[in-house]
Amino acid sequence: MGLAYRIEESATLVTYRDALWRTMHDALARDPSVIVMGQGVDDHKGIFGSTTGLATTFGATRVFDVPLAEDGMTGVALGAALGGLYPIQTHIRCDFALLAVNQLVNMVAKYRYMFGGRFRVPMLVRTVIGRSWGQGAQHSQSPQALFAHVPGLVVVLPSAADSITATYDALIGEKQVPVISFEHRLLYDVAFRAPASAPEWPLAPLGSILRRRGRDVTVVATSILVLEALRAAEHLARTAGIEVEVIDLHCASHPDREMILGSVARTGRLIVADTSWCAYGVAAEICRLVCEHDPSALRAPVTTIGMAPAPCPTAKTLEDLFYPSLRRLSDEIAALARGTRQHGIELPAEASMADVYKKFKGPF
Amino acid sequence: MGLAYRIEESATLVTYRDALWRTMHDALARDPSVIVMGQGVDDHKGIFGSTTGLATTFGATRVFDVPLAEDGMTGVALGAALGGLYPIQTHIRCDFALLAVNQLVNMVAKYRYMFGGRFRVPMLVRTVIGRSWGQGAQHSQSPQALFAHVPGLVVVLPSAADSITATYDALIGEKQVPVISFEHRLLYDVAFRAPASAPEWPLAPLGSILRRRGRDVTVVATSILVLEALRAAEHLARTAGIEVEVIDLHCASHPDREMILGSVARTGRLIVADTSWCAYGVAAEICRLVCEHDPSALRAPVTTIGMAPAPCPTAKTLEDLFYPSLRRLSDEIAALARGTRQHGIELPAEASMADVYKKFKGPF
Amino acid sequence: MTTFADERERLLYQALRIRRVEEHIARIYPSDCIQSPVHLSLGQEAVAVGACAPLRAGDRVFGTYRSHAFYLACGGSLREMMAELFGKATGCAGGKAGSMHLTAPEVGFMGSSAVVASTIPNAVGAALAAQRLGTGAITLAVFGDGATEEGVYHESLNFAALHRLPVLFLCENNGLAVHSHRASRQSYDLMHHARGFGITAEHCASGFDPMAVRALVEMAAQALRAGAGPRFIECATYRYAEHVGIGDDHDVGYRSPADCAAWRAHDPLILEAARLERFEAAIAAEIADAVTFAAASPWPEPDALLRDVA
Amino acid sequence: MTTFADERERLLYQALRIRRVEEHIARIYPSDCIQSPVHLSLGQEAVAVGACAPLRAGDRVFGTYRSHAFYLACGGSLREMMAELFGKATGCAGGKAGSMHLTAPEVGFMGSSAVVASTIPNAVGAALAAQRLGTGAITLAVFGDGATEEGVYHESLNFAALHRLPVLFLCENNGLAVHSHRASRQSYDLMHHARGFGITAEHCASGFDPMAVRALVEMAAQALRAGAGPRFIECATYRYAEHVGIGDDHDVGYRSPADCAAWRAHDPLILEAARLERFEAAIAAEIADAVTFAAASPWPEPDALLRDVA
């Protein structure tokens, strides 16, 4: 539990990117049926470094570029899965997976059930949530809710190197279910302290992950907001003695109900922080779990934090209002813990999230 | 308020189909910029009778068949809207709108905002929720949540002839926003008592609608489940004196918070009944509204009712378990009102919903 | 075992069997024992039996919602198909598929989709797998003329051609998508269009003749097995029944009874009825058995509802 | 007002202006005053100015994320473009669009999408509106070679051809999609493919020459206005900069500096630099003014965040 995060540079740490590259490499090395297909997987940039060099190592029949044809290529991946391969498909922006909703929702999600269990669809669709700067309305979405609404798909949002390693390794090994993963662009450069050994990963690859224990407020967060929640938690523990419990939802399609409900039962206070819009999103879904189980556990209204209910604007000033921030998260936690917006707790001074996480500079 | 439903045949009643046909006809007659485009809109079946004969009356340049190309045709509709037309696009199954998610989510929903308000996108996408019998996994979905998650789209689910008339007439007149509508196949043949005059429609075309007042339990329902909730309410009022308040959500993207929260504050008991899956769906969203506002209003856990968390099977026996039923709804309301599953209230004897609503027989 | 004078007779027998099965489905349909929409292949049977004849074990076929013919031509179990239509646990998909999603992976019939054109890229993907795994198998993508309007068709042809995949694109061109004629939907010629991707394309004008279809598919299959890249075959055909359902709709105006009569005048199942008569009894018995099997089979257990989701 | 010896000079001036604007963008980009990805058209300017020259008031253009050139060639305001790149309230979209979604409806530039190929059917729809409303206007759908791989391209060509819509499909063929060459993505020839839909197609090998592009577009525009149905023009062109960003990436291996040199050897903005010199000062002044305007403009107010959603 409590696998710690460090946003720092060090040779002993593992970046999100390295974890991705390692899982891709090992899957290809381990299993000859694995293929990696996607626009640019074989170029010198290699999906932000997560596939660089793999085409050279494993050959162009196993790691290959594809035409701009997201729906068709998803259909090809499904067919390839039925034919005995394990396809890993990439979208450099998750927004492009929206071109493949027919294959993902009408075909991939249903192929097993619709035919009475006679097929399995082992495949992984890797997509990148595009926040960096000025990405605008079409390169900034985070459509996990769209896919998690549909039975038959496994939807994950790795928040750290360890969740990538554990999840991808296990899934690619098991080869049974179709998975769509949302990787966060800003996390690629973040270095995480590596678990010393495999058994330190304590959880099922598809469960939620208890990232921090605390008695005062439960924060259920996704993706990069897990890091933000942990930063807020450390700040509030230090400055105000508020102890925040942070649950990394990790698997939006299969949240760990017991973990979440147990935590809410203890703290009585819930914040949901998600990378997407709140309406019909993770915020809504977690509220449903609580409402169906025991809403009386809530000692205060739930606070939900996500993208503002609008498309994403490009201007920095608007973008910083559009996205959830560490400051806002800290403020909301403090207000909920203290029961008042006038909590008087000093908030962390921060530039926008993109500035904090972005070691890279320039276009994408 | 309380516009009554009657499921009966009579010349003085208006069917859902007639209301649809009338709004389509009147829009074309009233406004030369209106066009109706979709596969089969000009054939003898005319989208289950909702467009029959209109191509003859208004000509093939205004009411026309299109190729099988859902994404492209949605893009064409968007472009036509920018060019001064008001396009009404049809999908005979809403499942086919999933081929157009790129245009709907990445383009239509964002065109106005992304360009700083310099465009409006006046268009209506009409889709049909496909329950009848044996439709299977791909002709039975109800993806309102997918679209309501995305800011920029107006998502409606007309439950009755009056909501079609009021909404479509107002929207096609106003011409400002992109709307996607989910019409329920089983409602087409249902006859509704017509409001005596226009002013009887008391609400904004995009609000929610209070269909029945009651003090004991609040049911927020969508589409055909509004009718089921009303049937359950009448049964429970008659047999057990339980008074159910029924709110027709109507506009999934713009629910009437005050109406819903006010009702829950009064009854303390909430059931959400939706045509789709509960996870990340309407059930979740309504729970979010309550949780963010005042979860202490809930005197009991919320009951959520929707499709079983699976693709839709075709076998009748499984289908009847898959879909919510009047019996299940009545049982859940009774249990919630009485505070026990052993409520002892007689449940309505019923065949499956398809049998009740289906005047038509045979394939679709 | 039924014995045949020659391959042609064998194929005609298969086509006849499919026709009788579908006629029987139409006959019992009003009783509601089949509670699922049915898209009949009446008139189109020869394409299916001709196309499947040259296939070998390991080859794969992906179909559409109109797949009774291909399912049976591949060798799918009639009993399991009938049970599936009845929504029974013994159906080929345990009662979850109905008529629109038939499947028989044990004989290579990989599934069928009610969303037009959706299985086309799946077939391409299966061909990719076969190529990469070196199985030597080929894949048939079966679809209607209307399916070619969907963007994914374009994407599928392009990718298959780029990678020279062993996939045969087989278009059942009945000239109609529901009630729309091709001219109101398509600005391209199917063969010319496919050739634009460097795909060898052939046309079979006599889609009523299983041997004609067989010959073209056989040739194409050889090329595919030799690694020559994807192929396209357009088979002219004719649908006797309405688009969905069991009726005949020549009277509603979108097509003429004369066209139907013209096709029937070529139909060997009609022309050679006398010669095929000797098979009728066995076919009828087989159908009766399948219906009995379906009727007697149990409904799926309630716990099947949430089985095999993910 | 600048005066020109002839139309060619006018177009070269426009192309030069675009080039200098983008070079200036590249120059100031490292300072982070532009906080949005930029896809430069350096090398491709002539296509935009040649293609927009024959357009009339009321005609419409739909572009891509790589649209600085078309926005300016249509007559979009340079100040508003620069302010948009700076994320300012005075930008053409109030700071919500950035570089990838430029728009100037007042001069017919209808918008641009960061999702490849997505505006192609929008252009077809606008042409449908023009046809149905009888405005006589034509629409330009601008896209790259990579965009033609998307299924929606197929759907758009088919529908436009079916309805004989006044839309010109204009492909800027720079041979690349990000770092991928056409041969690894496309199994078809662009012109042959378009002709398969009955669309008249022309090729412009000298996409560096605005007059050559202009001539072809002029001819096509006449046909479109005469109701002759959609047209397709493929313009060979070359992108000097990296796909996105301001760098030059001829050293990373996916393309050779020699190709670039070959293109530059044709580039009139380079070859005729001396002759065009007389425009430089005015252009520089205009750019400086636009940058000053952008820098001095206010940020959007916070309440803009939730304005114009639905």
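Letters are used for the chains, namely A, B, C and D, taken in the order the chains are written, and counting of residues starts over at 1 for each.
Throughout what follows, a contact is a pair of C-beta atoms (placed from the backbone, for glycine too) under 8 Å apart; a residue touches a chain by one contact, two chains touch by 3 or more.
Note that the structure is predicted; figures quoted are calculated from it, not measured.
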{"item": "Mutual neighbours - chains that touch chain B and chain D alike", "value": "A, C"}
{"item": "Euclidean distance of C-alpha centroids - chain A vs chain B, Å", "value": "32"}
{"item": "Distance between chain centroids, defined by C-alpha means - chain C, chain D (Å)", "value": "46"}
{"item": "Cα-centroid distance, chain A relative to chain C, in whole angstrom", "value": "42"}
{"item": "Rounded Å distance, chain A centre to chain D centre (Cα mean)", "value": "35"}
{"item": "Touching two or more other chains - residue numbers and ranges from chain D", "value": "91, 95-97, 101, 113, 115, 149-152, 154-155, 158, 162, 184-186, 309"}
{"item": "Shared-contact residues (touching 2 or more other chains) in chain B", "value": "66-67, 69, 71-72, 95, 99, 102, 106, 109, 113-114, 136-138, 151-152, 253, 309-311, 313"}
{"item": "Overall pattern in which the protein chains touch one another (line/ring/star/complete/other)", "value": "complete"}
{"item": "Complex interface listing, chain A residues touching chain B", "value": "71, 95, 98-99, 101-102, 105-106, 109-110, 113-114, 136-138, 141, 143, 145-146, 148-152, 253, 270, 276-285, 287-288, 290-296, 298, 301-304, 309-311, 313"}
{"item": "Chain C - residues contacting chain A, complex", "value": "60, 62, 91-97, 101, 103, 105, 110-111, 113, 115, 118-130, 132-133, 135, 139, 151-152, 154-156, 158-159, 162, 307-310"}
{"item": "Contacting residues of chain D [partner chain C, same complex]", "value": "149-155, 157-158, 161-162, 184-189, 192-193, 196-199"}
{"item": "Chain A residues touching chain D - in the complex, by the definition given at the top", "value": "39-40, 43-45, 65-72, 95-96, 99, 133-139, 308-311, 313-318, 321-322, 361-364"}
{"item": "Contact footprint of chain A on chain D as seen in their complex", "value": "29-30, 32, 34-38, 87-88, 91, 95-101, 113-117, 146-147, 149-151, 177-180, 184-186, 244-246, 252-254, 299-300, 302, 304-306, 309"}
